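Scroll down for the structure; my scribbles are underneath it.
Chains: A, B, C and D, in written order; residue numbering restarts at 1 for each.
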Amino acid sequence: MAGSSIGTIFKLTTFGESHGVALGGVIDGCPANITLDIDAIQYELDRRRPGQSSIVTQRKESDEVQFLSGIFEGRTTGTPIGFIIKNEDSKSKDYDHVKDVFRPSHADYVYQEKYNIRDYRGGGRSSARETVCRVVAGAIAKQILKECSIRAYVSSVGALKVTKPYNELDFDNIEKNAVRCPDLELGKEMENYIKEVRKQGDSIGGIITCVIQNIPKGLGEPVFDKLDAELAKAMLSINAVKGISFGSGFEGTELLGSQHNDIILPGGNTVTNYAGGIVGGISNGMDIVFKVAFKPVATLMRDQESINTSNEVVVVQGKGRHDACVVPRAVPIVEAMAAIVLTDMFLLQQSRKL
Amino acid sequence: MAGSSIGTIFKLTTFGESHGVALGGVIDGCPANITLDIDAIQYELDRRRPGQSSIVTQRKESDEVQFLSGIFEGRTTGTPIGFIIKNEDSKSKDYDHVKDVFRPSHADYVYQEKYNIRDYRGGGRSSARETVCRVVAGAIAKQILKECSIRAYVSSVGALKVTKPYNELDFDNIEKNAVRCPDLELGKEMENYIKEVRKQGDSIGGIITCVIQNIPKGLGEPVFDKLDAELAKAMLSINAVKGISFGSGFEGTELLGSQHNDIILPGGNTVTNYAGGIVGGISNGMDIVFKVAFKPVATLMRDQESINTSNEVVVVQGKGRHDACVVPRAVPIVEAMAAIVLTDMFLLQQSRKL
Amino acid sequence: MAGSSIGTIFKLTTFGESHGVALGGVIDGCPANITLDIDAIQYELDRRRPGQSSIVTQRKESDEVQFLSGIFEGRTTGTPIGFIIKNEDSKSKDYDHVKDVFRPSHADYVYQEKYNIRDYRGGGRSSARETVCRVVAGAIAKQILKECSIRAYVSSVGALKVTKPYNELDFDNIEKNAVRCPDLELGKEMENYIKEVRKQGDSIGGIITCVIQNIPKGLGEPVFDKLDAELAKAMLSINAVKGISFGSGFEGTELLGSQHNDIILPGGNTVTNYAGGIVGGISNGMDIVFKVAFKPVATLMRDQESINTSNEVVVVQGKGRHDACVVPRAVPIVEAMAAIVLTDMFLLQQSRKL
Amino acid sequence: MAGSSIGTIFKLTTFGESHGVALGGVIDGCPANITLDIDAIQYELDRRRPGQSSIVTQRKESDEVQFLSGIFEGRTTGTPIGFIIKNEDSKSKDYDHVKDVFRPSHADYVYQEKYNIRDYRGGGRSSARETVCRVVAGAIAKQILKECSIRAYVSSVGALKVTKPYNELDFDNIEKNAVRCPDLELGKEMENYIKEVRKQGDSIGGIITCVIQNIPKGLGEPVFDKLDAELAKAMLSINAVKGISFGSGFEGTELLGSQHNDIILPGGNTVTNYAGGIVGGISNGMDIVFKVAFKPVATLMRDQESINTSNEVVVVQGKGRHDACVVPRAVPIVEAMAAIVLTDMFLLQQSRKL
């Protein structure tokens, strides 16, 4: 274990820095004979891509994935799928001013402490640009779990919150607005708010809700590799995530058991779904529902105090190209990580059926 | 990966069911030459033990750990530490009534779906009794990280919440009340509330806050095995946990970056600690702070509707011995899982220092 | 990874020392609903047991396995199978004389160097007594792969060698003699030779041949976890093993490709089987055949020079109860390790079949 | 585990097929701040490269490695090192004749059976071209273990064998002849013999001996991840390898314990080294010595009978560019795999030192 891999049977290993030659990865353990829909993969990458709308970073990256192995005549061969995504618009000079400086709430300082060296350009390995590789693997995972629907959406930006439960929302609206909020009116408000925040050189946090439907019962490997535990790990591994909750989550702690218990009906469905589709770490066939909290982006277009590598107080200037709110672009990343975890758990569960 | 192990260098594997002969585990990769404080291990077990106070389950278990290997003349030898804890007071007959029935919000149904067989006595493997093994390993891990302080406490029961920040609380109070709330007055209220809930045959949820102090900088293995990601997985693997948040958590999503950024001071400390001690998945030397949400216990002393193994609607009676609120006994479990993860990350970090 | 586990899907973790309270293990990932034949497990343990014949160590151990979990009403439940085997006849006093001494060609010295502490009684963790746990797991693995035949036999003791190819031998003879040689006449010679060697306080090496029949095609995970690579690792992890070869092995290096190539017939069988049933790291459906070399036992009933923990030259006396030749008792261990590896590879292969 | 990774702390994951766009890999867990000697890496690649002499395949590949990440200003950063090696001279048309045919003793048949699809061009993933990635990682590993000497050499080609023990050979001679035999006279004979065999459209096997000097004591993780077990797995994962033996190996099985025991001298050195530097699965500080058996190359420049994908008997023609004997080019691969295993074991051992 050295941190760059996730999954046991369906395993993704990634590499690459924000301003290096290329990012890339290896997907090992992908079942053979899957006819890959390359357009669908690119579609997911486009949803994560910088420059896709006026509220996201304007770094220009085509983010085209180049597959180097593991695919033959359009189908997976069961051998490792190697791929790269080139960095095209890395303006490393934009980062000369942070070469010797640790930006507040960025990973600059901890990378220096951990490794005693860091590639300061664009945050190096700690940049969210790394998630581009996750989206590739997630898009392939979605094609393995093709019966299953994995949909994420922005449920809050700052204090602006979707109040309706997910099953009263029209998921077709998600891709119809720059924020990826299924409530179009609220989405417009969120968009304006993000623009306002950006104008002030500031940033804002938000929440993404993820809903997974039509997933087989029985996924998850207690007692440590429970389905919710694996999803939690996967989500917390995404940049800027500070929390996750399943089903009733933190609010559920205020309920009595008599309110919270999900009564089981013949066939196995439950009347309510406070559990969020996972009981005892195993999927029960109901919709899996969880929320992921993203802190405000650390990069501000303002001056901030901090220290430099000589341990002196300095002023860090606000430079570079960044999102003022990360959640719109994080939606496909959340979906990708969910797809990777579910595929791994699905294959694992399948292995034991004699 | 088959679900019963956690950790890479410091690895715990557990086995055992609620009403089997014994539970136990193997701790592999424990450094050699640690003089084990067996009393300190038993102390942690006693904090988790049933029957310790009037608000917890009255099942009578001495929960004495028997070490079978890996220790010689009081010191660890570097070889695997095998241990067992016998089940003494398992009243399996109490569970005859659920032999063919799936209790609501219990894991009965999903275990049947996943494995097509289940040990129904006391929930079998899905029982929280399994966590006794985690506490053993956690108590040893604490002795490895002896410079470090890992303290958890009950910060809410239902709507009763500790409102003071952790650094205004007296942690010495935690063990002075049955609920393990550092605010003794509130702890008394919580205790009374739990008794009231129990009297009604009901249960209630709660939140545990965990504070880790004096931990080395640089722990955590990006990009997938980040420290917060590993802690999240570990916590979500505990029975009844539905969410986790670090630092500012879900509340932090409403803040602006200019409010939320933690300004770094010479030496590396930060003015604020919205990050909760982890930035970019790596410890920054500040206190690690996280909250864990526990749902209300599923077992009620009431009749509830459900289905049986023949897919018929039945009434499940409320029987057995259970906690009405799980958080008081879960405090040492949260600490144990934190200690296991931190020890693993500490040893991993150490491996790379040439 | 800390050394005490083997397998990914079907995973065995062991613990225990030669003279500790008990040895034991955890089998994680065993498929559910297997009706275990406990007698068949005990049969394998009896084949490995000390005191089974006049040519093996006379330590008296009943070697009865006690299962603690993972089995309900005679069937596996899919949860981890914990088990222990108690040490009954450990005469630790026999080892007082080696407390401060490093026996030649034993692991005493390297354990001290590695861990800076060692349980010197009976070799502690480095004793072959540890393999008792492997036999338990192997016996269960055999019941999973019930179509498959895994047979090992002694093919040489010192210079006494079985010259016939395996398919001209009668495997029913293996258990008919104390040496486990399928050639009964040669087996008698071997037995006498071992007795002679023992009488002189000496020991002798030998070779075990293993033949696996009726194994599915397609097992093995290139490019690193090839079937032969995994078997090699498993065999080299057995005490006293110094080499392994598959099919034509070392002798095959002298052949021309035109002699060595196995011509494929319709249906996939090959005319010859120089490959030993594994090509490109994957089973091809032919018999898997490999040989495992065991060095002579290090314990001699003679005085030998060595050093003590103070780095002084000392004379080590020959004491304790030991085998003069390890191969007769190693036959079930080789089979067990093969069964564990094959089961793991079988489950892994199964996981990817959509 | 999906087969394309090796190592726990220092972990290599590879991808790529013989005739794909590129091969490549990810080295995860490399310690930070190592100033990489890129020339030394290229030197190892050149030793493995096709076309380097008249006795090896004439495929023309520059085999230049391109690093994509993990290195900053010449030093490793502790983040994953991604790299690719492009395929330049893949004459896929040479393989049209085997599209529907299974070549004898090649992996064509088993890949089809395992995955139900295969990239037939040049053997696809089963080609030894994949080992180019191992050499890159091994060359970096050598730079981590810079105190340690890892030298391999050809000790036999067919029946032509080096008879002198390794410590009477001049290792400086290894690179002075095309065969990589330290006995130059014998090397010339071997070279001529290989040319003769090739002229006849045939191939021949051979043995490589590996000697590792100045390795720390205490490496290896009993009881399953013993140093010899890990080395065995690593070597058996190399194409065409059919066996491995340590120290006295198979010959040692004929010795008495009184002949075979290595008497320990003050300081820990032993008089003899029958153990081959590894006792109880742990390095004892003596030279590690092992032999690796390679079968004759399967590709012959002759017609051979086989079957096609329609299960019909066909004649396979001898085409393509191949080595008649694989051992000269396998020398750097054996060294690379040894370096990878030792580095991983070294870092693992270091992790536990408190």
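The rule is short, and it goes like this: contacts are C-beta pairs under 8 Å (C-beta built on N, C-alpha and C of every residue); 3 or more make two chains touch, one makes a residue touch a chain.
Which chain is which protein? Per UniProt: A, B, C, D = Chorismate synthase.
All of these numbers come straight from a predicted model, not from anything done at the bench.
**Student:** Keeping to the contact definition above, tell me which chains border both chain A (Chorismate synthase) and chain B (Chorismate synthase).
**Tutor:** C, D
**Student:** Counting C-beta pairs in contact, which comes out ahead: C-D or A-D?
**Tutor:** If we tally the C-beta pairs in contact for A-D and C-D, the bigger total goes to C-D.
**Student:** Which whole number of Å gives the spacing of the CA centres of chain A (Chorismate synthase) and chain C (Chorismate synthase)?
**Tutor:** About 46 Å separates the centre of chain A (Chorismate synthase) from that of chain C (Chorismate synthase).
**Student:** Based only on mean CA positions, could you tell me how far chain A (Chorismate synthase) sits from chain D (Chorismate synthase) in angstrom?
**Tutor:** Here the centre of chain D (Chorismate synthase) sits 39 Å away from the centre of chain A (Chorismate synthase).
**Student:** Can you check how far apart chain C (Chorismate synthase) and chain D (Chorismate synthase) are, centre to centre, with Cα atoms defining each centre and the answer in Å?
**Tutor:** Centre separation, chain C (Chorismate synthase) to chain D (Chorismate synthase): 26 Å.
**Student:** Which positions in chain B (Chorismate synthase) touch two or more other chains at once?
**Tutor:** Those would be 1-5, 8-9, 14, 29, 32-33, 78-79, 114, 125, 222, 348.
**Student:** How are the chains arranged in terms of who touches whom: line, ring, star, complete or other?
**Tutor:** complete
**Student:** Quick one: in the complex, what on chain C (Chorismate synthase) touches chain B (Chorismate synthase)?
**Tutor:** That would be residues 1-5, 8-11, 13-17, 20-26, 28-29, 32-33, 66-70, 72, 75-82, 84, 114-119, 124-125 of chain C (Chorismate synthase).
**Student:** Which residues of chain B (Chorismate synthase) touch chain D (Chorismate synthase) in their complex?
**Tutor:** Touching chain D (Chorismate synthase): residues 8-9, 29, 31-34, 78-79, 144, 222, 347-348, 350-354 of chain B (Chorismate synthase).
**Student:** Please give the residue numbers of chain C (Chorismate synthase) that touch chain D (Chorismate synthase) in the complex, ascending.
**Tutor:** Of all residues in chain C (Chorismate synthase), those touching chain D (Chorismate synthase) are 1-6, 8, 14, 102, 104-107, 109-111, 113-114, 125-126, 130, 156, 158-159, 197, 202-207, 217-218, 220-226, 228-237, 239, 241-250, 252-268, 270, 274-276, 279-285, 291, 293-300, 302, 304-307, 311-313, 348-349.
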